[in-house]
Structure formats: C-alpha cells, structure tokens
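Next come two complexes built around subunit A: one with subunit B, the other with subunit C.
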Partner chain A sequence: MKQQIINILQEIRPEFDFSQNFNFIEEGMLDSFDIVSLVTTLDEKYHISIDGMDILPENFATVDSIINLLIKNGVNQ
Partner chain B sequence: MNLKFNNKLITGILTILPANEVKFEDEIANYNFSEAKSLKLKMAMGYNTHRIVEEGVTISDLCIFGFNYLFEKEILKKEEIDAIILVTQSPEYFMPPTSNVIQGKLGLKQDMICMDINQGCAGFEIGLIQAFMLLEQEAINKVVLLNADVLSQKVSKRDRNSNPLIGDGASITIIEKTENKNSIFANIKMDGTAFDALIIPAGGFKTPSTPATSEMIEDAAGNFRSLNNLVMKGDAVFNFVQKEVPPMIDNLLKYSGYQRENVDYFMFHQPNKFMLQKLADKMGVPYHKMPNNIVENFGNASGVSIPTAITFNLGQKLIKEKYKICLAGFGVGLTWSSILIDLGNLDFCEIINY
Partner chain C sequence: MDKVFYFNDIQVIIKKIKGLNTGYITNFYLEVDRINALINKNQFYKKIIGNTAFFFKDDYEFIHLFYCSSSIDELDKSLTRLRTEMDKYHLVVDIIGKQPNIQSIAYLFKMNGFFEYTVLNRMSRISIQDMAVKSQLNLKIDADSTNCKQIFDLLHQYFDPIAEQLPDLDEIKNWAKSNHLLFVEENGEISGFVIFDLIGVTSYLRYWFVHPKHRNKKIGSILLNEYFKRSEETKRQIFWVIQSNDNAIKRYLHYGFQSENLYDIIVTNNNIKYETTNN
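Presenting the complex of A and B:
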C-alpha cells in the first residue's frame, strides 16, 4: 500500500520525491487543492469515501498518516 | 435555535442569470495550476462554466428584469406586494437600501416594507425565515424575497480559491399565507468569532478603500488578491461545513418528527461539488437527492445557489408535483441554517437569462 500511495502522490506533484521522510504539508509539497485531488483519487481507488471531518492537513502529512487515514476509513492494509 | 411556522407557503421561484458564460478553460492561464491538475480539479470541484455579469450590471438590473418578466406574464401583480426582502452582499450603495431603489424603479405602492439583509450563503433560509415572520402580520399577505449577488466584481481573477467557482445571479421567491394547515420547520445558528473566514477586508467604514488596499499581493499558494477582494479560508470553511451541517440536519429532522427517508430532495447551498459530495456521503444521502450541479453549470452565486438548484433540477415538475424538501445554507458569518418545507404546485419555477 505504501508504494501505491507514493505513486499517487508522485502523479499529483511529480516535481517532489514522496519516498523521502518529509512532512509534506510543512515542506509545501501538498496544498489544499492537492489534498482534494488526493482524496478523490483515494476514494476512487479504494472504493471508499474519506469522511469530510478527516480531511485535515495533518492526515496527509506523511505516507504513514495517509495509510492510517485509509485504515480508519475501512481499507484493509 | 429551532423555529416553526404555520400556514405559509412558497408560490413561485424565478432565477435570473446573466447570459454571459465564462469557461474555466479560458481562465486557466490566470492560475498557477498545471494542466493535469486543472483537469483533475475540474472534475472534483466542478470547475466548468460560470455566469458573470457584464461590466456595469448591478443586482437591481437583474431583479427588475425578473420582476418585469413576472408582471408581463401577469403571474405577479404590483399592488399585491406587501414586502420586499433583499438578501445581498453586493448592495448598490451603503445607503439607501437597494430594496428601496428597486421599489422606486418598479413604481410599487408606498404602503409596504422594503428591507436589505446582509447575508450570503445562508441567505435563502434567512430571507425565508424573515418572510414567514412578516406574514404573521395581518396587513402582510404576500412577500417577495430577492436573493441577488454580483460578487464576481469583488473576486480577483488571479485567485484560484474563489474565481473559478464564483457566479452572479438573482432569484425572486414569492411567499404567501395559506388556509391549508401546514408546518414549516427551521433552525439557524451563527458564529461571529469566525467572521473573517469569508470576508472582503477593505471597502467598509472599518478599512476604507485606498490605493494601498488595491495593491495586489501574492499569498503562499500563489494567488494574487488585494484587500478589496473577497478572501476565503477554504480549509476552515470546508471543515466547518463538514462538522456543523450533518448534525444540523439531524436536529431539524428530529424537531420536525420526519425521517430522512421521507425527504424527497436535499437542496443545499453549493460552494463546490467536492464539498457537497462529501456531505451527501456523510449523511448517507444519494447524490440524486442532493444535486451538486450548480457550480459546474452556473457558478456559486451565494444565496442564489439554492433557488438556482431548485429551478434547474426540478423546474416544471414543481408546477404539478409536490415534494418534501430540506434546504440548507452555510457560510459567511459564519451562519448555518436549514428548513424543512413542502414545495410544489407553484405558479412558476424557471430560469431566465438577463
């Protein structure tokens, strides 16, 4: 799942390397519009609807936090 | 705050939209999006076509055009109008109220009430609640609610947060008394501590417009806007809507005694498609019961978005049929409000172009 998420992030912002252990929000690698694109892609790929209350920057700061968000929204790791 | 009104009904809705269509593709160069990102956002947010007034067109132009259409068709008579409520954030003057200007230009009777209300996204609900309260008076039998905004003039063309979504327009809704027993349920909440979540910082008495407030400044995301432009804290507004709207609807349904399944349509304010779909998912409402197609077809014209959603999605069906409809508006103020109402057998329900 980790690599799948890195690939999705890479597609949204190809200019950054998401395999590195950065905080994507603090480093300016993802903005609010990127998060909208990411949520839409994750919803489609995993056949879920990420709860609107969970669409907070901190839940998209690292690959691990995104995985935790997916698990919370019913995706099996 | 829960509210209940008896023996009132809506008898007609007319939406007046500028004929001028602006396409997202023609504005992409204004924003710092890549083409791929633009296309993705177009799908997710509903960026597509929005209706924008030509330079010099004001809200009274749109409203008077709509009134004359109804007068000419003899659907509405001047002498029947006992009150005009105008909900807008784009008044023609600080003083006088634009509703008085409209009354004067139309030659309506003096024995009536005109009032402007400064509200936006929840402006349809606020206006209806005010209309229902006025109709408690013996002397008032017919109220005309106007929702009108031309806020495109206050949005920077280089602000990707707001410009692709903004729309201009007006609506005319007629509210009357009825002998038929019915009940309309409503609720409303406000939170002025977040007054700056949606704001035009300069131009009022607090910060008058000056050459300095007209200066375009780039924000962290690469948007350019001045203090004279509308600015929206998009993340904060999104989270406010997701947090407050579902429990508001639960509360309204509980107060009214109706089940969610008994509601035919959820006609909600439409800031963008993504926000509406997330609300529908959270509330377990199928998308066809909560239309989200106004931003992509016309743009978000603030308090006009719900009348537009009704006239565009139901239109002539509402002449013959009757539906139980849940209305909800949320945004500037912050303000959030919802109404459960039977809507149907209308005298008119359509969109016209200005």
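Presenting the complex of A and C:
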C-alpha cells in the first residue's frame, strides 16, 4: 500500500519526492488544494468515503499517516 | 445564515454531508488557522440546504460562498433554494480545480442565476537562476504600521476585491512581522511592494505591485528578484494570475513561470465582469 500512496502523491505533485520521510504539509509539498484532490483520489481508488472529521492536514502529513487514515476508514492493509 | 462558533461545527457538518454519498464535491479547503481567525472575527456563517452545506465568509462588500455537497445533483437542488433565500446578498464563489472538470460545476451555478466574473490560472516556477538587476533603490523589509496602512490602501485601490482576495490590515502586519513583505519607499510614499509566504519547499507569491507613477524604473524587477533570493531554499514558487491579463502573464513567463492545469472560475450573482470593471 505504501508504494500505491507514494504513486498517488507523485501524480498530484510530480516535482517532489514523496518516498522521503518528510512532513509533507510542513515542508510545503502538499497544500489545501492538494489535500482535497488527494481525498477524492483515495475515495475513488479504495471505494471508501473518508470521514469528514478526518480531513485535516495532519492526517495527510506522511505516507504512514495516510495509511493509518485509510485503515481507519475500512481499507485492509 | 447562522454564525459558526467553533471549527468543530464545520467538521461535524462536513462529516455528515460527506457520509451521504461518494460523489462529494466542494470548493472549501480546510485551512484551520485561517478559518479560526474568521470565526473569531465573527465573519464566518453556515447554512444547510438539503444535502449541501454552504459556508459564508463575510467580506463586507460581498460574501464569499463555499459549498460542500454530497453530489452535483444535490448541489443543483440546493442552489435553486439558496438563490431564492439569499438573493439580496452579493455572493461570490471560487470554483477551483482542473479543466475541464470544473466546467460542469460552473455551468450549474450559471443555470442558478450566477455569472462568470473572471478566471484565474495558477502558475508555478521551479527554482532557476535569478536575473540580476542593479539598482540604487532602497528596498525595505521593516514595514511599520503606517507603511502597512499605506500598503492596505494601495491593495484596495489597485487590486480587484472579488478576484484577488484582499488581506485585512492584521494579515499585512503579520507578513511584515515575518519579513515576508518587501517594499520600496520614496519620499514617504510606497512606490512598490511584494508580499509572499514561505512554507517548506514552496513559496507563494501573494501580491506584486508597482505604483503607476513609478513604473519603468525597474522597481518591479528589483522586488521580484529579491523575492526570488528569499525563496532560494524553496523548490517551487506559486501564484494565481487573472487569465485575461496577457501583459502580466508575459512578464511571468519571462521570469520562468509556467501555467499549471489548475483554475479558479469566479462566479457571482451580480452580472458584472472583471474585464469590464477593470478596463
């Protein structure tokens, strides 16, 4: 799943390397527009609807936090 | 419209709307600090119509409208009702996204009594060599409250409030405090300024301005080059430009910016156009 997430992020922002352990929000690699695109893409790809309470920048800050968010929303790892 | 008192109220509403369907659409981007500031200033309101939550930012001269809807059909139904209930207000909506995806939403608004005001395009620049400009001009970063007020007045005189999301005085002071406001002053008057944000590897150019009385003195180039220098740790620089502003776009292309496939179609329920009011 980790590589799938990296690929999705790379499609949204191809100029950045998401395989590194950065905080994508603090590092300015993802902004609020990107997060909305990311939520739509994750909803479609994993056939889920990410809980509206979870659409907060900290849940999209790293690949691990995105994976945790997906698991919380019913995706099997 | 009901006032929003807590950020959590917004989250609860979005949770409810988003849980209804997988066709969720929105133009509402959760920037927590910014929204909390609006709530504290009593500028943020909500209204739920059917399966759509509308949020309103009171910009005094008009109201910015945000939508969160369970689907495009639900947005259509809710907009029809919103139109009758809110017709006395001047509403402005930013429909942001990739082309052609956002065209269908813009069409929906137009079918519900809105008119296209203008279109913005996001441009970005991957850091490249700056173009040195020699000058004797005194570029400053220590804007005091008088300078900030002058800059506030210039923004409100020369920029378009509907298309360019003008900051309030507190926001200008915050940029000055963080040294993200550079300006040139001659005889006590501001002749040009640039305002920006630095967030990690991304720099956001917010406003770049040269007073008409002081054009052709290279003030704009000096300000922009200083902005590039201060952004040299970043990997990309971003800003929004009005798509019909050919001269500005030519200038930005000259500095190495490129157009992204990210657009902001601005619609309003008043039949006015940026290109008419600003020419």
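Assume the second predicted complex is superposed on the first by the 77 of 77 C-alpha atoms of A that agree within 3 Å, B and C clash if a C-alpha of one lies under 4 Å from a C-alpha of the other, contacts with A are read in each partner's own complex, and residues count from 1 in each chain.
Note that in this section a residue touches a chain if its C-beta (ideal position, glycine included) is under 8 Å from a C-beta of that chain, and two chains touch if they have at least 3 such contacts.
This is a predicted model, so every value here is computed, not measured.
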{"item": "Which of subunit B and subunit C A:Ile12 touches, first, second, both or neither", "value": "first"}
{"item": "Which of subunit B and subunit C A:Val36 touches, first, second, both or neither", "value": "both"}
{"item": "Residue contacts with subunit A in the superposition, subunit B compared against subunit C", "value": "C"}
{"item": "Partner chain in contact with A:Asp64 - subunit B first, subunit C second, else both or neither", "value": "neither"}
{"item": "Which of subunit B and subunit C A:Glu27 touches, first, second, both or neither", "value": "second"}
{"item": "Touched partner set for A:Met53, first subunit B, second subunit C, both or neither", "value": "both"}
{"item": "Doubly contacted subunit A residues - partners subunit C and subunit B", "value": "28, 31-33, 36, 40, 49, 51-53, 55-57"}
{"item": "Residues of subunit A touching subunit B in the complex", "value": "12, 28, 31-34, 36-37, 39-40, 49, 51-53, 55-57"}
{"item": "Complex interface listing, subunit A residues touching subunit C", "value": "15-16, 22, 26-29, 31-33, 35-36, 40, 43-44, 47, 49-53, 55-57"}
{"item": "Contacting residues of subunit B [partner subunit A, same complex]", "value": "33, 37, 40-41, 43-45, 160, 220-221, 234-235, 238-239, 241-243, 274-275, 277-279, 281-282"}
{"item": "Residue numbers on subunit C that touch subunit A, as the complex places them", "value": "11-19, 21-22, 24, 26, 29-32, 96, 126, 198-203, 234-236, 262"}
